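Down below are the structures I want you to see.
What follows is a pair of complexes built around chain A, which joins chain B in one and chain C in the other.
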Partner chain A sequence: MDKAELLEVVKDLATEVTASETNADEAATRALRAELDASIRAEAPLTELGWDSVRLTWLLVRIEERFDIDTSTLSLYDLFTVDDLLVELKERIEAR
Partner chain B sequence: MIDFAPTPDELAFRDRVRTFVAEHVVGRADLDQHGCFPWDLYEEAFRAGLITSMLPGSLGGGGQTPMAVVLGAEELAYGDLGVATSTFVGTLTTAALLQFGTADQQERWLRPLTTQLRFACHAFSEPEGSSNLFARPASTTARPVDGGYVLNGVKSTITNATVASVITVFARIEGGPGGLSCFVLAADAPGVSRRNPYRKLGQRASDTGEITFEEVFVPIEDRIGQPEQGMQITTRAMTRSRYGVAAMGVGAARRARDAVLAYGHSRQASSTQKLVQAQDYRFQLAEMDAAIEAARAVTWRACWEVGQGRGGHGTRLSSIAKLLGARTAVQIADQAIHLLGAQGYMEGGVVEKIARDAKVLQIYEGPEAVQKMLIADTATRLGRMGKP
Partner chain C sequence: MGSEPTVVHALIAQAAATPDRPLFTFVDAKGTPVATRSVGEALGAAERIGSALLAAGLRPGEAVLMVYPPGLAFVDAFLGCLRAGLVPAPVPPPLASAVERGLPGFASVAADCRATAVLTEASFLASRAGTRVSEALAHTPGWTGIPWHATDALSGEAPLPDLPEPSDVAILQYTSGSTRAPRGVVIPYSALAHQLENNRIELHFDAECRSVTWVPHFHDFALISGILGATAGHGHLVLFSPVDFLRRPALWGEMITRYAATHTWAPDFGYALLTARTTPADRTSWDFSHLRVLMTAAEPIRARTVDAFREAFAGTGFPEEAFCPAYGLAEHSVAVAVFGRQRRRFSREALEHAGIMSPPEGGPTVELFGCGPAGPGVRLRIVDPATRTVVPDGSVGEIWVDSPSKARGYLGRPEETAEVFEARLDGEPGGFLRTGDLGAMVDGELFVTGRLKDVINLRGRNVAPQDVEATVGDLEAFRAGRVVAFGVERDGEEHLVVVAEITATDPDDAELTRCARLARAAVQQEVGVVVDRIALCPPGTVPKTTSGKVQRQLCRRRWLAGDLDRYATVPAHGVPERD
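Now for the complex of A and B:
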């Protein structure tokens, strides 16, 4: 899986996290996905997402479940951009 | 096999600090006075290579390893927590510049710290929300202008604020996404004003002040890292500093334990028995010893783990060390007051001062809630299950 594909999966999972928090229906979930498509760019700083640590942690738990990887050595505060996160995830996926 | 044993050079540095403490720190009553910054003591500490110990030799610093600095921090804190704080808080600024600064920035801002006694401070906390800039946008702003930025805002409860020559400051870029960006500037830059409005419970030998930035121009070459990279910069700097705070907690706890030990040997529990021979007293000393060893072990482990770099448990362990090291100091100081009874409670005694000095270890560089948030960040991942 290359980083572009991985970014799409991350967006899907981010949509799931947000939708479950807001009990969004199907239409609202689609709108959320479109919104995240615009806001989650590889080069953007993670802080630009405006997500708090609990939400980001929950996203990482979903990523762990999806790919059966361990992200527990990955501190979100130690990363700068979305791309930094993708690099870390890609390494773990490839090392499975 | 992981080996945390300090090297001979690291032990030699610890012994140098221990000698320094015995000769220059222990016994100085003026370190507990309001408004007294002991410049003469810091001059001695600078000459002894303590204040620049963490800077690389290539920049004129002491080139000590992180483990040596940890050992030194424990010893200096044994003497006086305030002195240890002002001596080692420069780690925050130096870590930011060493990890994210350019060679030119390191030369311009770090080398001058090694040629004569100068302090650096890390201006992060703000009066509106203390250090919780994770959860809200910074009030301090950086307005982009031709060739750089113009800073406006107030930073509060900053260690070494009024004595520093160099400031690293975190601000939100106006018109940007709202994250933090980091800048370095001279403390005497036009528009920077500093004052010391606080009367502290303890650590009075350390300076704590407020910095106001009014239309302060910072050239673009003095921005550290990229715009919006400030959270990563401060996280990495604090990761390298927090286990040092833990080491200071261990040193303070050790000093309180020693006071209890000395007291136990000097007092009679009965006509035939010294206090230290009484079972309850012995068991309390045993508890203290166990807590000190545990806090030191996790501190050394955190120092080692951070040194392993990316992909490790550095951030988590540094916060765990800080949480436990600070807590150990506070608890043992309180226990020591209890065991010394009236003597422990009297102003001017060693343990009542340690109790006052130690409290802020649980507050600065992120209170317990922040440490727990950082630990929980990775401790709640599914991947932690089944792991040591």
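Now for the complex of A and C:
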């Protein structure tokens, strides 16, 4: 899986996390996904996407479940941009 | 703490009596113990680090910033500071993605307390966040260029000073209320001694107790009640990372079971998460029967959370009498009142309009938990803030307290200290701490009903609305001074709402979406909290007083009544909803 494909999955999962937290209905969930499509950039800080440490943690849990990887050693102190996240995930997925 | 004058004396006395007794354990995400300290080891680490810090040029009495990820490296260094006579000021480590948000806080805290060093651990210094922080600070206005020390990699020895006196300053606890103007609460050893002795008596601590917590180590709840409590002789403290709790809340239940915990504590949202994100299968093997105290504090206690928890955990042997609603604040070295026993319904109308705690009369009600009576030696008064007179039991007023646990004041702010810490009541000796919280005494227990100030409580964190308002008002798309932030409750949880006037006239949906996105990102970046809803409004919408101050409560009432003139409200999913 290349980074572009991985990014799409991350967007899906991020949408799920936010939709679940905000009790978004189907239309709102679609809008949320569209919002992520419009706003996400590889070099963007994760916080720019509204992902605080709580939301980011829950996103990592979803990613673990989807890819059957362990992200528990992935330090939040080391994730700055979307690209940082993708690089770390790609390494773990390839090492499975 | 018994007869020991300070917590440092207590640690030394324990190390002489029971050097091998376990004192601190840190477990990882899987619950595996990755670091432990016996009493003797904790003292040894404190003396070694304290000595090395003095050898590195620090001097007793100087303040130091402490920036650590969760783990025992923090505990070692914190106790090392106390042993060396340094005054630690613990602050949260910034995430790499939020360094910019943390920097002004870092710089202003360092300047405020005239810190002479930043202490951390080697792994944080080597992380992206650590690298970014240390590099970016060099370019941050107000940064004094003080050195960083990784305390787990320090060597060097210098003679340790005499043990502290009770009147010495022990710690500086920076309040999280405002990132723009952090206030350092000056806590002397004498205040800690009173607080910890009250904890021992009221919370039934002894050296055989076992406490489990994931609350962040820089939070007064964990720092004083947990780390310093264990240091004073309250048994064995098991810590784990709040991030690991968020990832897998079941870890908390597993650790309570494995260590046969007698004490644990968290804000309401922690219990809600533990209940919602664990299954009956998870709980089957859990044993909560050893708990003497399951404390809920630091944010409003919700009946729904308590009921769901009780139902879900009934099979764990959780003793009902261990349930411990409590109230405290950093300015009082934490606890004011603990072990509330009452759960009462009051008339919402009487409470909100007359400030009276009346029984329900058929209309809407509000259900509240008592937080217990004032602790030993604590003078607790409910005061009309306008007249500064004590109100009768059952009437709501500002909570004022005075006791030896009261902190000395805000560092370097004599006027604010006099106003907040030395408020006078006719006919009463001494000065009282004005908590800024509202409450009432009912049948001998304190009920907390709200806040005098407009502080917003988000997941246990107190957020100053001024911080959010200034952040949004600074953006070019918004009108400075025409932004209001407040909290509203939804599904039993407080959420952040921003009402803001924008500069654009006749904006289309794309412009509204852009404005909302800008505001959300800025608030996330600068203040570190998530905006739930933002109302984008034309000029003249935000109500102001004649002196030009925004009227938050009026604005909030208009928002709740749907009576705000707005272009649109943009919820978290980002799609403008026009009226």
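One rule holds for everything that comes next: the second predicted complex is superposed on the first by the 96 of 96 C-alpha atoms of A that agree within 3 Å, B and C clash if a C-alpha of one lies under 4 Å from a C-alpha of the other, contacts with A are read in each partner's own complex, and residues count from 1 in each chain.
Definition applied: contacts are C-beta pairs under 8 Å (C-beta built on N, C-alpha and C of every residue); 3 or more make two chains touch, one makes a residue touch a chain.
Quantities reported herein were computed from a predicted structural model and do not represent experimental measurements.
With chain A as the common reference, the superposed partners chain B and chain C clash.
With both complexes superposed, C is the one of chain B and chain C in contact with more chain A residues. Judged by the touch definition given at the top, the superposed model places A:A31 against chain C, while chain B stays out of reach.
With both structures placed on the common chain, the touch criterion links A:V61 to chain B and to chain C. Contacts of A:I69 after superposition on the shared chain: chain B is touched, whereas chain C is not. Once the two complexes are laid over each other on the shared chain, residue contacts for A:T18 go to chain C alone; chain B is not touched.
Touch criterion met: A:D78 reaches chain B and chain C at once.
Using the contact criterion defined above for the overlaid structures, shared-chain residue A:S53 touches chain B and also reaches chain C. The superposed model places chain B right into chain C at 525-533; the other stretches listed in 201-209, 309-317, 489-497 or 525-533 stay free of clashes.
Within chain A, the residues touched by chain B in the first complex and by chain C in the second are 45, 47-48, 50, 52-53, 57, 60-61, 72, 75-80. On the chain A side of its complex with chain C, the touching residues are 18-19, 21-24, 28-29, 31-32, 35, 39, 45-58, 60-61, 72, 75-81, 84. Within the complex, the chain A residues that touch chain B are 44-45, 47-48, 50, 52-53, 57, 60-61, 64-65, 69-80. Contacts from chain C toward chain A in the complex involve residues 28-30, 69, 93, 95-99, 101, 124, 127-130, 132, 243-244, 246-248, 459, 491, 513, 517, 520-521, 524-525, 528-530, 532, 571-575. On chain B, the positions that touch chain A within their shared complex are 134-135, 177-180, 226, 228-229, 231-232, 235-236, 239, 310-316, 373-374, 376-384, 387.
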